[in-house]
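The following blocks contain the structures, represented as structure tokens.
Note that chain A is present in both complexes that follow, paired respectively with chain B and with chain C.
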Partner chain A sequence: MLFSKRLIKGGVHPNGQKKLSNNNAIVKLAPPKRLFLSLKQHSGAPAKAVIQVGDKVTAGQMIATGQGGSANIHAPYSGTIESIAEHVAAIPGGGKQTMVQLLCDSEPNNNYIKLHHHYQSRAELIDIIADAGIVGMGGAIFPAATKLRSTLNKEIDTLLINGCECEPYLTCDDLVMQEQCVQVVGGVRYLLEACAAKKAIIGVEDNKPLALQALIDATSEDDNIEVQTLPTHYPMGSAKQFIQALCKVEVPKGKRSTDVGVFVQNVATCAAIYNALRFGNAMTQRVVTLSGGALEQPMNIEAPIGTLISELVATCGGLKLSAARIVVGGPMMGHTITNMHSPIMKGTSGILFLNEDELPQTTSSPCVSCGRCVAACPMGLLPNAMAELIANDDLEAAQKQGLNSCLLCGSCAFICPASLPLTQYFSYATTEIGRQKKMQQKAQLARRLNQQRTRRLEQEAIKKAAEKAAKKAARAAGGTRPQRSPRVPKTAKQES
Partner chain B sequence: MPTLLLSAPHVHSGMTVSRLMRQVILALLPALVFGLYLFGEQALILVIASLSSGLITEWLCQKCQDKPIGNLMDSSAIVTILLLVMSLPPHFPWYLGALGAAIAVIFGKQVYGGLGQNLFNPAMLARVVLLISFPVEMTDWPSPTPVLPAFSGLNELIDGFTGATTLGSVMETGSAVIDMQLFPLLLGINPGSLGESPVLLLIGGIWMAYKGVIDWRISVALLVGCLLPSTIAWGLSPETVLTPIAQLASGGLLLAALFIATDPVTSPTTPKGRILYGLGCGALIFLIRIFGAYPEGAAFAILLMNAVSPLIESVTKQRTYGESK
Partner chain C sequence: MDIVAILSLPLLATAMGFALSIAARFFAVAQDPIVDSINELLPNGQCGQCGLPGCGQAAIAMSEGKLGPDCCPPGGQALAQKLSKLLNVPLSNDAETKSLPQVVEIDPERCDGCTRCFKKCPFDAIVGANKQLHGVLSDICTGCGMCVSVCPQDAFAYKTDPIFSNGWAWPKPELH
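Let's look at the complex of A and B:
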């Protein structure tokens, strides 16, 4: 360990806690009575609702269309649109979002509107993925089609499929790889076509032997799909580190993975892509991990998008202890929520109900500059120094130290013996810098508009003066009035 | 239902600063206990007096502050005082030991603001203050007189060593040709500081490195920095320079390499910086031992390197991911 060459720099080894939820098969949720479909399931602008309150919808019908690089949203079940209104959402900060409230039919019919899923070219293939409303399910929630379109004018050498699931507690990708390996591998084949890559590598951490075996079996006849075992090491599943581990290249600062000829996609997204292209199914379901020490029976549930978290908890037999923290996503990077009456979204990989014993202490002690954060940072930053600068409100200096490279992966705060909220400093600073930049842009815009206005007024004045002079000259030429000597402006005199 | 929104990560390694400090104390204990066994009750009184004085001073300092940094329970003061005491002559007057402990806490740590804020290693700062203020007491090295005859033959071994420390006698006589047996040398049964037993310090140090309490880079770099030039010097002039083994086992070299230079507060945080810092400490110890006016220079060497530690840190910034190589 001491001298072995490590695949990624830094990182930590948190307790996986995978056994809580990876022993049981995926449970399919019975159709819920109501679904709450947020219009902002993805990064980018919210989708635009294309239905009215009171409309009847069929399963698979598009209810909102993506605009400006965002993704379509479809009805998971048939039913009636009850309202389109603000509803509490499972988003950082606990705010509200506009959601379509769907009252599902009590007697579900088997009608399902299929997507048109025949294609002739790469662009058409990508269009089907766009129609299906597929977003990255690993947490980035970036529309998959938008990402794929960026490969059309770039050469992609390797397609990397991320099955690391390095966050503790989460096992949804593990179970998807085990139970839906055919769909996953099918999706990989489609993706190879979509981005015209030469080969694909599926990377899985070695704490998921069953998933690895399933994938190896499913890819036995594919020459261009390789399954690779990676050591269990957080944050192996972060795209930049994943690329570093498998391709031995680093994505240069400010560039994207496609710039180094690599395209990364998550395993569950591959399964969704397969379902869209093979069967014409839109993305209306996903597998969610429900876990944590406060939950009666942790498990993985395949639920329609828009299911309330409270319904999923009921399926797990409720809580056995009072949850000290409810986390959406993994415990290293996820955010907390306080209201279980919020629905899951396309990017919700897990909901954790952590009890008091599982939580870190919330009081911190002074930094003794032990350097553990420096050793743990996968990006090679100096978290202690950056946090100190941010605490002193010197955001510019923190940026010079490399704040923009920070992944907010939480490795530094996890390892810190002083329990300093390092990640909190960095997420505050990145948000604050973004806000300041926006203000600056606004101010610049205002200044530019103001300058344009002054210039325009000046030009108009000059034009007026010229017209006046021309009129005068015309009149003088006509000889109707006696010519007066031109007046010298007073201001010019004073200035000289 | 939780009502607070809290920031990620929601799990933690479980390591705390006070646990780190307790692990250092645990690693120090074998050498300390052996030292007490060798040097008797006078040494025990010195340890007790210093600890009481240091802890009371720490408590008073924190009482005086509105927002004290750190607290008595984080054990950091105990580590500081133990390191000071273990580097003192075993029969050093207890009241001066108590004074030293108070100096370490007040001028080594609290004037800077408390735990984690100090520039210099508090234990070494206090040791240097004592060395300059009380040179006679600080260079009075008694022979070990074990309170219990643990095993036969020990007393005979001990009889062979009286008077000055190994390094001190080389400094005085200019001759490094000393009749020495390896066993007592490695176990530390010779005149020297209270906690200098090389083997027991090494056991504690290796355990700490294994547990990740200290960074092995500093220790290894310090030993290389001191012993590499020492070996060359010994090869050139074996009459006036001690053998590398004797160099390693004498003075505070191992205590410095494993416990003092590895103090996180006063050493750099970058891996490269730590190697540079360790090499610097080692090289300075070598220079002071060979050319300096004092026989042993670990305290001075570490204080000097403490002063440049922030500088080392800023020039050894690591390359961030995605930056050109």
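Let's look at the complex of A and C:
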């Protein structure tokens, strides 16, 4: 092992903390009283609500339709729409999102609206996935159907199924692979058909032996599905690193995985795809890891999308210690929230209640140029140099250093002996560059409009002068005043 | 006779070419080429917030070093950074230049639809009609303030550009 070639560049080995939550079976949550379904569960534009306040909805009924590459949202249970209003969301910064508030029926109606799930072509198969509102559950929350459609005119050689779950604490994918391996493998078979790949490889880190065994058993009769063990190494689960480890190809800068003939999807997404295509079930539930040292009983809960985090905590028996920090997602790439009255979304993989001892040191000291961040960066960047440039507001130079390739995986900040907030610099710079780009576009627009306006004013002046001259000439020739034309109200503004 | 006809035109063209090249050298108006590059970057709103009557004059003043690269409020920080790079002049680090870009908004209670502001707006960023409530297109507004100075109702207020105020973003880390 010591001399074996490393599969990915850089990376770190954080303490897994998986044992906290991977011993117990998935607990199915009793139907909650209220659900809060955000209209922005996915990357891209928010979905458009198709129901009104006061409407009765049935379980599985579509309540919002995806527009412009976004995903549909369905009601997990039958009930009444109470409101469509702003509600606090589990997003970075603790902002609000428009959410559909659903008051569930006290006696759940078992009439579940099924999707139409018969297909005859690849495109139809992908349409069913789109109807089911399935998004990638690995973290990018990109609508699965949009991603699949991009493979229709590309040749895909290998389908990679990501079961790495390299983030510490999180075990939801692990438990899904153990308990729902039939659904996962079924989903892989559908995906093979959807992207017309020759073979599929399911990659799982070696800290999940039970999941590996379950998958090997479930795929024993499939010649084109292979299960591969990967070393436990953060960030193995990041798509680019995962492809590198399994296919030995690097996705070129600025290209997508499909450009190198590879299609990556997460294991839990596979299970959701199976449920949609086999049974016509829309994506209304997901498995969430609740873990952390402050939680009474860490566990994995299968909960409807829109369940409040406070209800999940109650199912775990509440907190045994004061939670010093609540993190949504994993500790490496997740973000903190302060309000437990926010609901889970399709992309919420875990909620961590960390106690004081689990927090990193936050006081940072000056960089000693030890270079550990350079060694840890899986993308081969120079985090220390980039952070210094960003600290000095030279964002352009930071971009030249490769800021756009940064995964924001947090390896550099994790390894930094000076506890510098390196990843935070990169997060800041990425959004700041986006804003400055928008400002630049705005300035160009203003410039163009100003030129158009100047031209228009000139033309108006010429026209006015010509009219005046014509009038004068007419007066001089006829001797009488020309008849006044009926007064036309002046248009307030001409279209430019 | 043919040869005269054939040669006369090339000769004429050559002679005129020489005349033009001599004229270009003798009657050329000397202007720093950097003025054009600066002018290209400026928003050209002629708002006068830099203290000069127009953007052309501002570009000349900047090329002569009389104005700093951060003199143009509508251009904001992005423009200031570009100009500082172009002119090779460092940006000063005081808080004022780092303030976020502004746009104006109209108080609907006060606006009486006099149309003075949108006639004045150099970017056509205000829409409205006689005796109708006017509105500002914040996608275009550069916050130059030309409208603010002509409004008899004092209906304008500045606010941070929505590009910077919408949504949450990671702040720049401050080291302790």
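Odds and ends about this structure:
As a working rule, the second predicted complex is superposed on the first by the 445 of 496 C-alpha atoms of A that agree within 3 Å, B and C clash if a C-alpha of one lies under 4 Å from a C-alpha of the other, contacts with A are read in each partner's own complex, and residues count from 1 in each chain.
Heads up, the rule we're going with is that a contact is a pair of C-beta atoms (placed from the backbone, for glycine too) under 8 Å apart; a residue touches a chain by one contact, two chains touch by 3 or more.
A quick note: this is a predicted structure, and the numbers were derived from the prediction, not measured.
In the superposed model, A:E358 makes contact with chain B only, not with chain C.
Looking at the shared chain after the overlay, A:G68 reaches neither chain B nor chain C.
Set against each other, chain B and chain C differ in how many residues of chain A they touch, and the higher count belongs to B.
After overlaying the two complexes on the shared chain, residue contacts for A:Q451 are found with chain C alone; chain B is out of touch. When both complexes are overlaid on chain A, the residue A:R435 reaches chain C alone and has no touch with chain B. Judged by the touch definition given at the top, the superposed model places A:P209 against neither chain B nor chain C. In the superposition on chain A, A:A324 contacts chain B only, with no contact to chain C.
Of the two partner chains, chain B is the only one touched by A:G371; chain C is not.
Legend: residue contacts after superposition of the two complexes on their common chain; A:S427 is shown touching both chain B and chain C. Legend: residue contacts after superposition of the two complexes on their common chain; A:G93 is shown touching both chain B and chain C. When the two complexes are laid over each other on chain A, chain A has residues 93-94, 421, 424, 427 in contact with both chain B and chain C. Residues 9, 12, 14-15, 93-94, 168, 240, 244, 250-255, 322-327, 331-340, 352, 354, 358-362, 365-372, 374-375, 378-382, 384-385, 402, 405, 408, 410, 413-415, 417-419, 421, 423-424, 427 of chain A touch chain B in their complex. Contacts from chain C toward chain A in the complex involve residues 43-46, 74-79, 81, 101, 115, 118, 122-125, 127-130, 132, 139-140, 142, 161, 163-164, 167-173, 175-176. If you check the complex, the residues on chain A that touch chain C are 91-95, 363-364, 390-391, 393, 396, 420-421, 424-425, 427-428, 431-432, 435-436, 438-440, 442-443, 445-447, 449-453, 490, 492-493, 496.
Residues 1-13, 15-20, 69-70, 74, 76, 114-117, 215, 264-265, 267-271, 274, 317-324 of chain B are the ones that touch chain A when the two sit in their complex.
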